[in-house]
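In what follows, chain A forms one complex with chain B and a second complex with chain C.
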Partner chain A sequence: MISITTALDWNWDTTWDVLPTLLSTFLKVTLLVTVLSTLIAALLGLVIAMTLRLAPKPIAVTVKWIANFIRMTPIVVQLLFAYYAFLSLDGITIGILIFGIHYSTYMSEVYRAGIDAVPQGQWEATTALSMSTRRTWTAVIIPQALRATIPALGNYAVSMFKDTPFLLVIGVVEMVNAGLIFGGNTYRYIEPLTLVGIIFLLASYPTSLLIGRLEKRLAFNT
Partner chain B sequence: MIEFRDIEKSYGDHLVLHELNFSVAKGDRVTLIGPSGSGKTTILRLVMTLEEATDGYIFIDGQPLTHEERGGKRVARSKKDQKDIRKRIGMVFQQFNLFPNMSVLENIIEAPVHVLGQSKAEATTRAMELLEKVGLADKAEQHPTSLSGGQQQRVAIARALALDPEILLLDEVTSALDPEIVGEVLGILRNIAETTDITMLIVTHEMQFARDVSNRVLMFDGGKIVEEAPPSVMFSDPKHQRTKDFLHAVLGDAEGTIGTH
Partner chain C sequence: MDEKLAALVEAMPRLLDGISVTVQLTVLGGLAAFALSVALGLAATHPSKAARIPARIIIEFFRGTSLVVQLFWLFYVMPLLGVDMHPLVVGVLALGLNYGAYGAEVVRGSINSVATGQWEATTALSMGSFQRMRRVIFPQAWALMIPSLNNLLIHLMKGTAIVSFITIADFTYHLDQLKRVTDTVFSYGVIGLLSYFVIALILTFIMNALERRAKRRLGQGITLKSVLSPAPATATPGGGA
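Right, the complex of A and B next:
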């Protein structure tokens, strides 16, 4: 007996069966990895950008080379490499670190552009006021550079969100794969995949609100 | 107070200043005039350490600013030594250069708090006095971007004064302003000139202002001082043809002179 499952025969029992698994993998893996990796990418990206600018030449060149290398190799390869290189770390930790590091190399470029966009006159004013290098960066340059980086940070967070299924290669089952596994076991794909889409959508909306609020807070004339 | 000794400045192989020697006494108000490209801005930027001379020495109160002679060689001074002297010098820019991410008050107290180590309360009291002086006490909490050009420049003046500089550098501070608000900024500078003994180095095209506040005028051309005189002489009886031509072009009247008012 062959039955063809179509979108038209939506099964609510299946829906309630799969929803808890999807929600828990969403919270425990997808969201956790995205949030922590975004934080790492935001901070490490800034560190890389400042190292490229302030560190002695040999260090700056080395960091730049490493960053380019990381940016130009696929994240899946990096996940696998880290997984076999650091056997003592669990998959989630590796996922968070690799996503964070990988995207930090993109973020560093965004910061670099933001720093370059600060007008020369701002630097000159910090000199004329005898401000320390530290205050120059923390009070003037970084706040002005950050303003331009928030939208990009939001975009990369969304990219990471969508990259999380790659975690499967190191044995971490996040929401999408949890849905597929459920489908494989029950031959019902429509309900899990629809729910996955809805959850992504519902999660993106607050994220965009958050980014919008951050942008507002960093705007100058408030 | 300021001494230029054999200063040379070039950008690449473009020689801007050559064997420049002059000094400014404490409390002097010196106006630099001269055609575009004659090196006036470069001189101010050298004093503010925004540029480094390619040769020669600048002394502030007898102390070398960026370079000193040691064992017959010209060597750079330590960053810390440079900074200690730089603290005594303030500058107001043509484009204001206020920090847009800070409020007006934060702009003014930044250096007093973080450079001079004043308490926030102390710096704020002083900042409010300065804002009062430039007529903007009610704008303390606003952001610079919400102010007019003239108001921004008045804040920039207050910010420079907050460090209690002994030397104030003013580079065409009214050139970016609409003609009708030039007066309010010049009025404030006149007041500062009258009520303080700050040494001032002024680049301006406002000849009446130069005449009123300065006690010396230096006419530059091609990186050299062509003529030097008190304003009363410089503006009514210049000696050199270059100066006459320049004043004539700037003032646009047949005599090339301005009267006292």
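Right, the complex of A and C next:
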């Protein structure tokens, strides 16, 4: 360990200088954006999935292409576009909205698969019980579809978390940007950038493992 | 509008240069990622722990530490360690390592999804492990993995948009230049997002063609014979899974 840190010219004083800043931006920016964007993506994704399923065909097709368009274009360009188009909003707000919208297009696909996985018999049962469309969805289909989608939603939340450094393109001081600013002031890049990587790894790997376990537990037994 | 179009025509050679850089990064990064995916994916399915454990560590490390961190680490820290690379090399390397780690999981999952009977058949035919992978398992896994690899390739293409921050003049960089002489909606919105969308559609089209070809070679999917035959096409038994 000592030989590695010597070869890297690792400085422990610098480490302790920069670590508090990184951890505070981790909490105040990275986690904040991840949590709020995940909520937006989870809700908007469901709206998109239900529109694709229930809306008249021309509307459904239009929504589908808009979703494809958002999903297949870079979040970096979307962030720049929204940031300069809505100058009254600050970077973090733009980030939360764009990450939420971008990932809602992925989550809508997850919901769609979840809805398709609800057994046909459940639909038939709601007809047999003459349930209204509203009740069919809220009491029967969505609760079962959600169960199967929770792990996938978790995985997208983790990828969103790892995508938050893209926010630096619109000047948001998230962890990587905080590290680069520190590096620019002190000419020390090794410590801040390595620490940011370690923080990402320490936060995302255990979460992925937990999601994997959840996935096994919630798997449909059909 | 005429002014914007004039500015667009004036900026066109530079925008095309930028698109060419973005496509180069996507193709080279994609090839690097694919090579790494196959190497790590095969190692992660290897019976020996000596191959599996290092592969797992590399996969989790590059999946877990975020593309942007890897990009800036390679760009700022490697020169301090005495390794000076051209920014384009840094870009290709970061994209290749990050998406290669994701791709390795796809390769591993697809190899594990090939029907058990296929593995048993190779044993019955006393094939060696190389021949088994080369002739039987990988061609079937390949057909399974293409849709997921396409998703990763689109992710990789979208990821290239960050490289102007390590001094590469890619398409996004030139969009910023265009924005200065026109406006945001026209530059990033119309020209930028639409062009990236077209690139993504072309990539998807190519990958779909690869998938059809892979399935055809396995005797699945539409062939000239099944189109011309009067009986309805059925799944051929040779395909497995």
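Note that the second predicted complex is superposed on the first by the 192 of 222 C-alpha atoms of A that agree within 3 Å, B and C clash if a C-alpha of one lies under 4 Å from a C-alpha of the other, contacts with A are read in each partner's own complex, and residues count from 1 in each chain.
As a working rule, contacts are C-beta pairs under 8 Å (C-beta built on N, C-alpha and C of every residue); 3 or more make two chains touch, one makes a residue touch a chain.
Predicted, not measured: the structure shown is a model, and the values here were computed from it.
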Checklist entry - After the match on chain A, would you call chain B and chain C a fit or a clash? => result fit
Checklist entry - After superposition on the shared chain, which partner residues are touched by A:122: those of chain B (first), chain C (second), both, or neither? => result first
Next on the checklist: Just to be sure I read the superposition right, which of the two partners does A:56 touch: chain B = first, chain C = second, or both, or neither?
Outcome noted: neither
Checklist entry - Once the shared chain is lined up, is A:144 touching chain B (first), chain C (second), both, or neither of them? => result first
Checklist entry - Can A:201 be said to touch chain B (first), chain C (second), both, or neither? => result second
Checklist entry - Is A:69 contacted by the first partner chain B, the second partner chain C, both or neither? => result second
Checklist entry - More residues of chain A are touched by which partner: chain B or chain C? => result C
Next on the checklist: With both complexes overlaid on chain A, does A:20 touch chain B (first), chain C (second), both or neither?
Outcome noted: neither
Item to check | Superposition-derived minimum Cα distance between chain C and chain B (Å) | outcome: 17
Checklist entry - Between chain B and chain C, which residues of chain A are contacted by each of them? => result none
Checklist outcome for this item: The residues of chain A that touch chain B in their complex are 119, 121-122, 124-125, 127-132, 135, 139-140, 143-144, 147, 220-222
Item to check | Contact set on chain B toward chain A in their complex | outcome: 48-50, 83, 86-87, 89-91, 93, 95, 97-102, 110-111, 114-115, 142-143, 145-146, 159-160, 163
Next on the checklist: Show me the residue ranges of chain A that touch chain C in the complex, using the header's touch definition.
Outcome noted: 7-9, 69, 72-78, 80-81, 84-85, 162-163, 165-166, 168-169, 176, 179-180, 183, 189-190, 193-194, 196-198, 200-201, 204-205, 208
Item to check | Footprint of chain A on chain C - complex, ascending | outcome: 60-61, 63-70, 72-73, 76-77, 80-81, 154, 157-162, 165, 172, 175-176, 179, 184-185, 188-189, 192-193, 196-197, 200-201, 204
